[in-house]
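Alright, structures below, take your time with them.
Two complexes are shown next, each including chain A; its partner changes from chain B in the first to chain C in the second.
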Partner chain A sequence: MTSGRPPALTLGAVAAVSLIVLAVLMAPWIAPYAEQDFTGGVWEPISAAHWLGTDNLGRDLFARLVYGGRNTIGVAIVTTAVAVFLGGALGLTAANAGGWIDNVMSRCIDVLLSVPVLISALMVLSVLGSSVPVLMGTIGVLEAARVYVVARSVARNVAVQDFVAVARLRGEGPIWVVFREILPNVLPPLMAETGLRFCFILLFIASLGFLGLGIQPPAADWGSMVRENAQAIYFARYAPLYPAAAIAMLTLGINLSVDWLLGHSNGR
Partner chain B sequence: MAADVLCIRNLRVESTTGAVLVDDIDLTLARGEVLGLIGESGAGKSTVGLAALTFGRPGCRIVAGQVLIHGKDALTLSARARRQLRGVRVAYIAQSAAAAFNPAMTLLDQICEGPIRHGLLSRHEARARAIETFRVLELPDPEHFGERYPHQVSGGQLQRAMTAMALSCRPDVLVLDEPTTALDVTTQIEVLAHLKELIALQGTAALYISHDLALVAQIADRIMVLRHGKAVESGPARQLLEAPRTDYARALVAERSVASVQSRLPPDTGLEPLLVVDNISVRFGRHEAVRAARFAVGRGETVAVVGESGSGKTTLAMAICGKVGLHGGRVRFQGADLAPGYPGRSREELRRIQLIFQLPEMALNPRQTVARIVARPVEFYFGLRGAAARDRALELLEAVGLDGSLAQRLPGQLSGGQRQRVCIARALAARPDLIICDEVTAALDPLVAEEILKLLQRLQQQLALSFLFITHDLVTVRRIAHRVIVMLRGEIVASGESGEVFASNHPYVERLVAATPEPRMGWLGEVLHERSLIQSPHP
Partner chain C sequence: MKRLLLERAGWGLLTLVAISALLFAATNLLPGDVAEALLGQQATPEALHNIRAALGLDQPAWLRYLHWLGGAVHGDFGTSLASGRPVAAQLLPRLGNTLLLAFLAAMISVPLAVGLGVLSAIREGGVLDRLVSVLSLVTISVPEFFVGYILVAVFAVQLGWLPSIALITGGMSFAQRLGAIALPVATLVIVVLAHMLRMTRASLLAVMSAPFIEMAFLKGLSRSTVVVRHALPNAAAPIVAVVALNLGYLIVGVVVIEAVFVYPGAGQLMVDAVSKRDLPLIQACGLVFAATYVVLNTLADMLVIYTNPRLRHAR
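And then the complex of A and B:
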């Protein structure tokens, strides 16, 4: 499928993403302290005991960073799965059905899209309270609307092709048509969309964390870590920059990797 | 020779992966001369044409040879100098005019852009010249034609507008890459006539690329036949048509000759016809695409539906399949009424009517192997599973002349002709009584199309199949159809036995017949002469 070596930038991106994922998976083994242990003073500088210093309550920043990554990335993965399955299934259904079903579904999605995500999310989360399942469900549904748009439009292009007409005229049911004829042909763009959607969801969870509506303390989370430690900047400490850098690196890394994959899967 | 405007010597173009696309091509063009380049797709025609513009398509490199324009090697020029060359000294007319125009600019602005940008003419002069060209090309209302946007004119008009654009700088060499292939037969000859006139008028040398020998013969002084990137034969057009020296050229000429057709009698049809189309109408909104169509297809019979694009042929086929709803009338199959929409038909009814499409690459799922594609109807209709279905699929592939080793390939790994054979095998897998063929050979090279037609004929004899054959190619019709239905703007204007219809003097049928290029010298002139005598009003 792919030919030639990926460029250095892509290799770097893949390396960065793998490093983060590995660190996060191995958190209990590489973190020198537990997630919520108070192990030193407030905002201590970098030392042998605290590789990235300590946070606003004297917890080890490096430990918080790897455990926080676990929480943030874990929630983002589940949310992405919700968004892609929900949005993908609805999008394919609409594209396959066409006609008024497609119209009704698409207009409903348009309504959902017309409200800024952050506002809808803040609304739901302040009413229902911010627990992890609510967080996943809310963001999952909101982002599913965006996946729907992509899935529907690519599937629509496939659904009007002659081979789909052949299957329909043969008498095949909608399940066969969607899963055997359409789905395999929309999978590559849908995979790319999944990668990008993951980035947006990660950023979104981090922003909610920053606003205090994401994953709740004392559990670590990159977004809330930025907020908790924001004041450290005044004391010439780098504490908020580490989680911010982690978010940036992961998003950028995934974006670059997906871009490359996308560019190379088109050639079939 | 110093008089040669364009001279290509020992041209060799390779793809970046090292495959040789064209090799050892030599050609010369004098002022006012037209050289026809013909061959199948993939023969390297366009590659040679673009090389004349010193342009290699992405993924191609000109690795050896010279392109001399007025005796100077254009390949050694700087990128900037080559840009100056293109459009001014050498111009290009592509197959799809629609893709060559910017939809957001008026035609006149785009046509005048070249000469103004290259500093050849003032805006006023460029305008005047464009309007003059419109007049020669017989475009409607030449004074104001250029104020329209590309989507506001017809395909034939747009192709002519593109000719005007290419000629706006009075180039020395014109490269025409299948300029009429996307057009209707009747529009095609008009565009061809205008091209010929303009080339003669401006004394431009032209390279005319086409897969249609009959067409090239009308405009070219000399013809070069390409195959697999090599020149097979070249010579004066008359000699190539009347006394081709190589087998390949001989096959090309024979394929297009109407004379080689043997008339065939329809088989005895004593029983009730297989398919009866009774007075059906199809509407899209207020537009009536098919109006009161009425005909029958007997067992083992081939009925051709002919007409220009937009005449409702395909809609008629879709109505029979149940893919579009009926506004009125009914479709009877084997003596029973069929539900108007396919979801209302039984599996058995669906099985008996199969469809083959124009573009096999669109009709095959690119993610399924050939074996999978052909085995599915076998499983679906006859309940065969696993090895039994696979064996049956291989049998079917063999029946359509495909090697079993292709079974595990994806459609993207096959040639156009092979793909169409897979489509035929898939249709046969259902053991149908009627196969509807929608322009099945239109997208194929002439010789490949010929083989597909032979295959269909052979299958008809073996399996007593009926065909409803939709096409705009009258050569095909004469070859295989027992009966013909001629459609014009949604209505059947003539029908009957093949020979009778073509011999009848229905004005539209005559027009269609007359517009089919014949591979002999002077055909275009005769047709145009006749037309001007008849002064026929618009159909």
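And then the complex of A and C:
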């Protein structure tokens, strides 16, 4: 279905995302210092020794950036997996079951959706404390509600088609019908949703980190790096802008790529 | 239609009750309670028992929930654990600051978004349209604090036009207050503008393929007349819905932006309360934020029903 070369903007987006992923994967080889080494003064400017200067405790910002990307992106990937599997499974089940089961499930999800995610997450974190597993579980469940809505609405269109009815008449169980008949037909929109969901989750984790409630120090994390270095901006040092820009580049790159993919799969 | 409106309002109310119960359950039934949080390391069984009795924590959960909800309806949210002051007295002035920020941002962003959305629908595919669509994708994708700190770096640090910290004190005149919160308001506007604009444009263009639009063109009307007079009224419902959704988003976005500008608002209060595990304060903030969001969404849905001529007569 792909016709022609993607536009320059999309190619640039894919290149930016690949560059970030590659840098983060190879962190131990390209980082000039370790994640938590004190290697200089506070907020030193850009130099040959410190490619992006140093942070509020004199740690190398470039090294923190590539290691921080590992933590932030790693947590975001696991959380996205939780959200997509949970939300996808529930959404497909509801669409396949229909009737009162679908009604009850959808109403419960509606209640969950009627509170802003950040507020819900703050409530849960205040009780359970902020640790990586709690973050993954909380955000995973909250975002699963959003995935549920998408998965259910696309699966409902598939669930009423003839080949699904045939499978049911053939005597296949609900698990077979969901995984072998419905799932393959809703995979493309679910993949697009996964990409967009990953962006939201990454922004979410970064925002929590920025508020001091995400991945906890001394581990590097793009959100908490912005927080730690926020004061530097008043001295015209742009330390907090680098991690923020890294997040922006990654999410913008993924959004642009998904936009292009969606446009193409619709045959536009 | 009256029945539909009432139904929607009733559902909103039910959601509110469900949320308050969930909120209460989340902060009360999970391991660890206020007594343990208060005592911390010095928690002996006797001390825990005494504090629980004093705070009424030995009563069954549903009774405590009713007590809490009854108080909340009357504006009594209990006493803050960290400061020992009534929660309502702490929350109200902060809430006023936050609402000022959100209100100003809404007053600027809503007309701007709808206006630019209509303009880019009129000139679909033009320079303005393409510029707006790229810029809006950018602002949707980047974190709020990135937008905030870029504005600080440019307007406060490089140019020195505006203060970088939104300090609000009692003795400030209204004009001084406006200057102090110009940057946070601008950040909020940028953050919510793009989504509203894109949806306005998309809803208009969706209507543009209808037969009555073709008729209007065949009558010889100009494109701008067709968009404003014929398409806009028919695209009103989705536009109203997305505007309300984004006003709700203002309430949440404000939490992060208040942190960027160290603004004394309700969002900052809630974040501080979470790091201090001040449960009564967290419950109150959570309830207020969630209720604002639910009320806005309910109003939006009711407006959509109200503006849809097809629903105006009872079936």
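Keep this in mind: the second predicted complex is superposed on the first by the 264 of 268 C-alpha atoms of A that agree within 3 Å, B and C clash if a C-alpha of one lies under 4 Å from a C-alpha of the other, contacts with A are read in each partner's own complex, and residues count from 1 in each chain.
To be clear about the criterion, a contact is a pair of C-beta atoms (placed from the backbone, for glycine too) under 8 Å apart; a residue touches a chain by one contact, two chains touch by 3 or more.
None of the values given here were measured: they were computed from a predicted structure.
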{"item": "Which superposed partner A:T251 touches (first chain B, second chain C, both, neither)", "value": "second"}
{"item": "Which of chain B and chain C A:N185 touches, first, second, both or neither", "value": "first"}
{"item": "Partner chain(s) touched by A:D162 [first = chain B, second = chain C, both, neither]", "value": "first"}
{"item": "Residue contacts on chain A - larger count, chain B or chain C", "value": "C"}
{"item": "Partner chain(s) touched by A:S207 [first = chain B, second = chain C, both, neither]", "value": "second"}
{"item": "Partner chain in contact with A:A49 - chain B first, chain C second, else both or neither", "value": "neither"}
{"item": "Touching partner for A:R170 - first (chain B), second (chain C), both, neither", "value": "first"}
{"item": "Common interface positions of chain A, toward chain B and toward chain C", "value": "none"}
{"item": "Chain A residues within the chain C interface of the complex", "value": "9, 110-111, 114-119, 122-128, 199, 203, 206-207, 210-213, 223, 226, 230, 233-234, 236, 238, 240-241, 244-245, 247-248, 251-252, 255-256, 259"}
{"item": "Residues of chain A defined as touching chain B within the complex", "value": "161-163, 165-166, 168-172, 180-181, 184-185, 268"}
{"item": "Contacting residues of chain B [partner chain A, same complex]", "value": "321-323, 342, 345, 347, 350-351, 355, 357, 359, 362-368, 376-377, 380-381, 412, 426, 430"}
{"item": "Chain C to chain A touching residues, read off their complex", "value": "15, 18-19, 22-23, 26-27, 30, 32, 134, 137-138, 140-146, 149-150, 152-153, 157-158, 164, 248-249, 251-252, 255-256, 259-260, 270-271, 273-275, 277, 279, 282, 286, 289-290, 293-294, 297"}
